[in-house]
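Both complexes below contain subunit A, partnered by subunit B and then by subunit C.
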Partner chain A sequence: MSHAQVAPARPNRLRAWLPFLLIAPSVILLLSLVLYPLLFALKNSFYFWNLQRSAEPLQFIGLANYKMVLSGPEFLPSLTNTLILSVTGTIIEFALGLAVALLLANRLPGMSVSRALLILPTTIAPVVVGFLFRYMYDPAGGLAGWLLTLIGAPPPAEGILGSSTTALAAILFADVWQWTPFFAIVLYAGLLSVSPSLIEAARLDGASAWTMLWRIKLPLVMKTAVIIIILRFMQLFNTFDLVLVLTKGGPGLSSRTLGYTLYQQGLVDFNIGLASASTWIIVIMVNILVTLYAAIAFKNWEW
Partner chain B sequence: MATLSIQNVAKNYGEIKALANVSIDVADGEVLVLVGPSGCGKSTLLRMIAGLEELTGGQMVLGGRDVSYVDPKDRDVAMVFQNYALYPHMTVFQNMAFGLEQRRLAKDVIKAKVMDAARILDLTHLVDRKPGALSGGQRQRVAMGRAIVRNPAIYLMDEPLSNLDAKLRVQMRAELKLLREKLGVTTVYVTHDQVEAMTLGDRVAVLAPYSDKIGSNLQQVDTPHKLYEEPRNIFVAGFIGSPAMNFFKAQIARKGNGLIATIEGTDIAFNLTEAAHPHLSALAGYAGKSVVMGIRPEFFDAPSGAPGRHPVDLDILVSEIVGPDAFLHFDLPTPTVKAEFSRSNDSDEAGLNGARFSARIATEKLTGEAGMISLEVNVAKLHFFDETSTLRIAT
Partner chain C sequence: MIGQNTATRKITLYALLALVMLFFIGPIIWFILLSIRPPSTAFTMPPVLNFTPDLGAFTRTMVDPGDNSGQAVNSLIVAISAVLLNLPFSVPAAYALSRFKFRRKKFLMLWYLSLLMAPPVAFLIPYFILMTNVGLSGTYLSMVLVMQTLTIPFSIWLMKSFIDEVPREIEEAARIDGASGWTIMFRVVLPLVMPGLIVTSMFAFVFAWNNAAFPLVLSSQRTATLPIGTLSYFTNTGVTWGNIAAAAVVAMLPPMIIFLVFDRFVVRGLTFGAVKG
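So, the complex of A and B:
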């Protein structure tokens, strides 16, 4: 009798701790890879610390780093470029992706092959995409310049990437090429999950193709759309690799993004304090934008 | 409101004939129920009326207008789907208003119509909810409402009650019947539930999977009463009625002025006279041959000695007492009538000792639950069918 009372005690204790045990790895990873660096950066953002001068933070300087970032000559252009890139990029990729998804949803011949090919750009590393487009944008015989001349819109003489009017657009184009399929595939999956009888009910209700899209199909894939829009917006807000490979932010500051500025401050100038302040400014901005977006997008979401 | 004429309609999926040679006329204000087992094409036929499936042959004439190749939205039909197909992102009001908005009616007209329908269906307090916040029965009513507000030429209903639990289904069935009396609109109603079919239909069309033998899916279109009393063939006889009709192979022989039908392999024999069967002459032609004889379970009874009853002693295997009625199951050492004739249900209920049958009698008259029980058969209610054509032999 006695062992019957003692024996279950051990499994019970294990059972009580099991949930914590199971989430421990992800919590530890999150804490060490996200929270610790963020807090480390927060602390450093209040210090003067340049790795070219010292391996250790030199002096507590309060908000001076923040002032410097916000008043720096590259901050406003970077912010503007970043906002242009992330807002227009998300909108164009969503719109094009939706169009492709609607096309895919029609059972046209060759659709299964197209669907398989479509995912390919998304699987390429952004740096590689950057190099691909660098060759295509090359003024000395690149494909893009030749095509533009062919359709009667020749690129600027200094090259597509060499002109401050086209450099940012060129980055945007490369990003759209790579990420539109992502929207297309996800939205296509969303459209597939719309019950066919809903579409049929709408047809019997007399809905035109346009009404069907705006009042039935789009609202029903909105849940999916809201999530991927937020994801893509945050990724675009941090765009750095394409900028590095294609333009290095130039000419001048014409294609400089916040992500590239951050890289410049931290890994070129080694000003860790300044880069940390930039990081926190970006974190705060992204969070404000995402919270605003979520407040609007998740309203009335009871179904 | 309108008449509907289905003329020689056919639907092929590649080589497979899903529907062929189906012709039914539905009168203005009539409720036609399409009933049949899975795969009989009843839903396909309904979707063809709606325009959701294309015809591969024949014509569909709605209100005197050939709509065979008209787009669904221009057919003036409203459909209630099995899963209701309510728009989940719209409120009950918006769900019902959507079809009217597409017809560009004025806002106040739409509001009046929707609130009218909501009142009829007792949905007034729910108009601002979304479908996700409604119970199954309420969703069903919203789906009905969406059809009603449109005031269409014809209602199409695709098993509208099959997603409800049993109790709610009975309640909604009665409500549907009331509603239809209020509105009086031509309706085509698909179900696999014969009780729904018999209670809701002015006429019932029994469909079966296509077979080359009959050359059509349509077995019989008739009033519920006629289907029950005079089923056109073995399929209809087996499909309508619950529990299903018992089928026996019977030998017909002349006896005096009448005939005698003996169940093969047994000594159970029924005397058939002109008195009980005024059209016995047709069956007389089968003298010396075998036919398929059908006895509905409800025409067994406890012995009463009344005229026209034939006593039988049956070895009852098991009884199911369902409140007022009891279903008695018994085997007889007689060959099973092939399932392909009757296909009454999805299973073929062959017992170990020959074939299994059932009788239905009032529970209060039950003398025992198993073993030898004396019953009697109402001879006037026997049905006879030709073995090869499966058609009913009128008696």
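So, the complex of A and C:
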């Protein structure tokens, strides 16, 4: 009854600080976990340091590591492969996912069970997906090779993963298998929110199925789509576990990605200086991509 | 005429659906079959399907000598600890982001999100050296700590979406009744978002369970998790496919069960609460 009068000024001031007190622990923990690696990499990117030769940085060498990364033989192929993988992967997964979502939106008996089961590929750890496809792609009796031969498109003699023409596509295929269901299920949820009366009105106006897709359904699922597109694009951009299990970037550099090059420099060659320079180059690229995308895609969001 | 049309339409749709399911679920079944088939049939084409199931690979990987059973326990310890450590950090933050208006909120939300888009490989070496320097390398704690860069941002986004759904009026009513902030948090808000708390925890568990990058550099022989265990089969000479498949099936099952049980929340979980589903 009287608490409004009794309530002293202190709780009000506390209340003003409350949001910051509640948020601070998460920000402090995350900042320390993220800043340490970034600053560590920034400092050591200017040093020559190979962990196999010394436990400490050996010598200040200015920008030499950056020069070496950017002019190294791996950089351009890695960047190209990474962009191919992330752009085509996102597009294929979105398009196929939308097609599956439209199929599920018919809501015939049995489709809701199918929808529930469809998520299974997405739940699997990428490393395990790598094993699954290594088994399928095996040159000596893998299912994929047998099926390809059956339909008259036999895989290269070196094997699907052993040929420089198919290795990157094979990684892409495994990723498309794992993540198309993710797009399908999220876009399906978006399609459900399209009101049936709107569809009915368009049909009465004589709109074709194609027009309805492009003019009504797609614009309405775009808000859903913006977030999953950037998430998937960035995950693909950073892919390395799938590459590690399937091809180790080979044969040659044919399936090298930026993530795998970084892995190679740091955890195979133990060249910390070089890996640190790569880290910063990748971090800058990721930041530019995310900022650009966020500026466009999240413009009209309410928070 | 129309009836016939819808009949053909139905048949076409079901045929398409069958194709879709075969494409996406078939490989999983094929891999599970690998774990129970006699090794001699693993690479026989055309596929051999009438074999006597053999659970030997599961016995070898999980019971005797059971190299992977300890790793399954490690995976459980790491994933559960990662979830438990993340809640006291993420739930209060999610509450503040849901309930208060302040400047830079959008920036903060996007900053959390951007952590989920960071390239994990870039952090591996610094974490390895950091954890070695502070003497934590090879411990569960080292893995659990760095996994917070994934679980905390994820849980904040997802929990915020659940707290958003609790009407503020309920809290106002409790406040007028004289309840303190703590009482409101623990007696009013948390019980109401309990389903959200469970869903968030389960999905964060899957994030941590499936993570292979951090244990790759931070775990020791004794603390290696299941993905690392399966990975180690490949560096050895002579790949035993049955064993890999058995260990991988054990690694696959918990996330699959969690996603099927929380089917209703899958869309929401996978989009960090941004899409309600």
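We adopt the following convention: the second predicted complex is superposed on the first by the 272 of 303 C-alpha atoms of A that agree within 3 Å, B and C clash if a C-alpha of one lies under 4 Å from a C-alpha of the other, contacts with A are read in each partner's own complex, and residues count from 1 in each chain.
Criterion: contacts are C-beta pairs under 8 Å (C-beta built on N, C-alpha and C of every residue); 3 or more make two chains touch, one makes a residue touch a chain.
None of the values given here were measured: they were computed from a predicted structure.
The superposition on subunit A brings subunit B alongside subunit C with room for both.
In the superposition on chain A, A:Pro219 makes contact with subunit B only, while subunit C stays out of contact range.
When the two structures are aligned on the shared chain, A:Ala201 is found in touch with subunit B, with no touch to subunit C.
Of the two partner chains, subunit C is the only one touched by A:Gly259; subunit B is not.
In the overlay built on the shared chain, the residue A:Leu63 is in contact with neither subunit B nor subunit C. In the superposed model, C is the one of subunit B and subunit C that contacts more residues of subunit A. In the superposition on chain A, no contact is made by A:Val268 with either subunit B or subunit C. When the two structures are aligned on the shared chain, A:Thr211 is found in touch with subunit B, with no touch to subunit C. In the overlay built on the shared chain, the residue A:Leu118 is in contact with subunit C alone; subunit B does not reach it. The superposed model places subunit B and subunit C at 80 degrees from each other around the C-alpha centre of subunit A, with the value given to the nearest 10. After superposing the two complexes on their shared chain, the closest approach between C-alpha atoms of subunit B and subunit C is 10 Å. The residues of subunit A shared by its contacts with subunit B and with subunit C are 303. Within the complex formed with subunit A, the residues of subunit B that make contact are 50-52, 71-74, 77-79, 81-83, 85-89, 98-99, 102-103, 130-133, 146, 150.
Contact residues on subunit C toward subunit A in their complex (touch as defined above): 10, 13-14, 16-17, 20-21, 23-25, 27-28, 30-31, 34, 42-47, 88-90, 92-93, 95-97, 99-100, 102, 105-106, 108-110, 112, 114-127, 129-130, 145-146, 148-149, 152-153, 156, 176, 178, 181, 206, 209-213, 216-217, 227, 230-231, 234, 241, 244-245, 248, 251-252, 255-256, 258-260, 263, 266-267, 270-272, 274-277.
For subunit A in complex with subunit B, the residues that touch the partner chain are 195, 197-198, 200-208, 211, 215-216, 219-220, 222, 302-303. Those residues of subunit A that touch subunit C in the complex are listed here as 3, 18-20, 22-23, 25-27, 29-30, 33-34, 36-38, 40-41, 100, 103, 106, 108, 110-111, 114, 116-128, 131-133, 135-136, 138, 140-143, 145-146, 177, 180-182, 185-186, 189-190, 224, 227-228, 230-231, 234-235, 237-238, 240-241, 245, 258-260, 262-263, 266-267, 272, 275-276, 278-279, 282-283, 286-287, 290, 294, 298, 301, 303.
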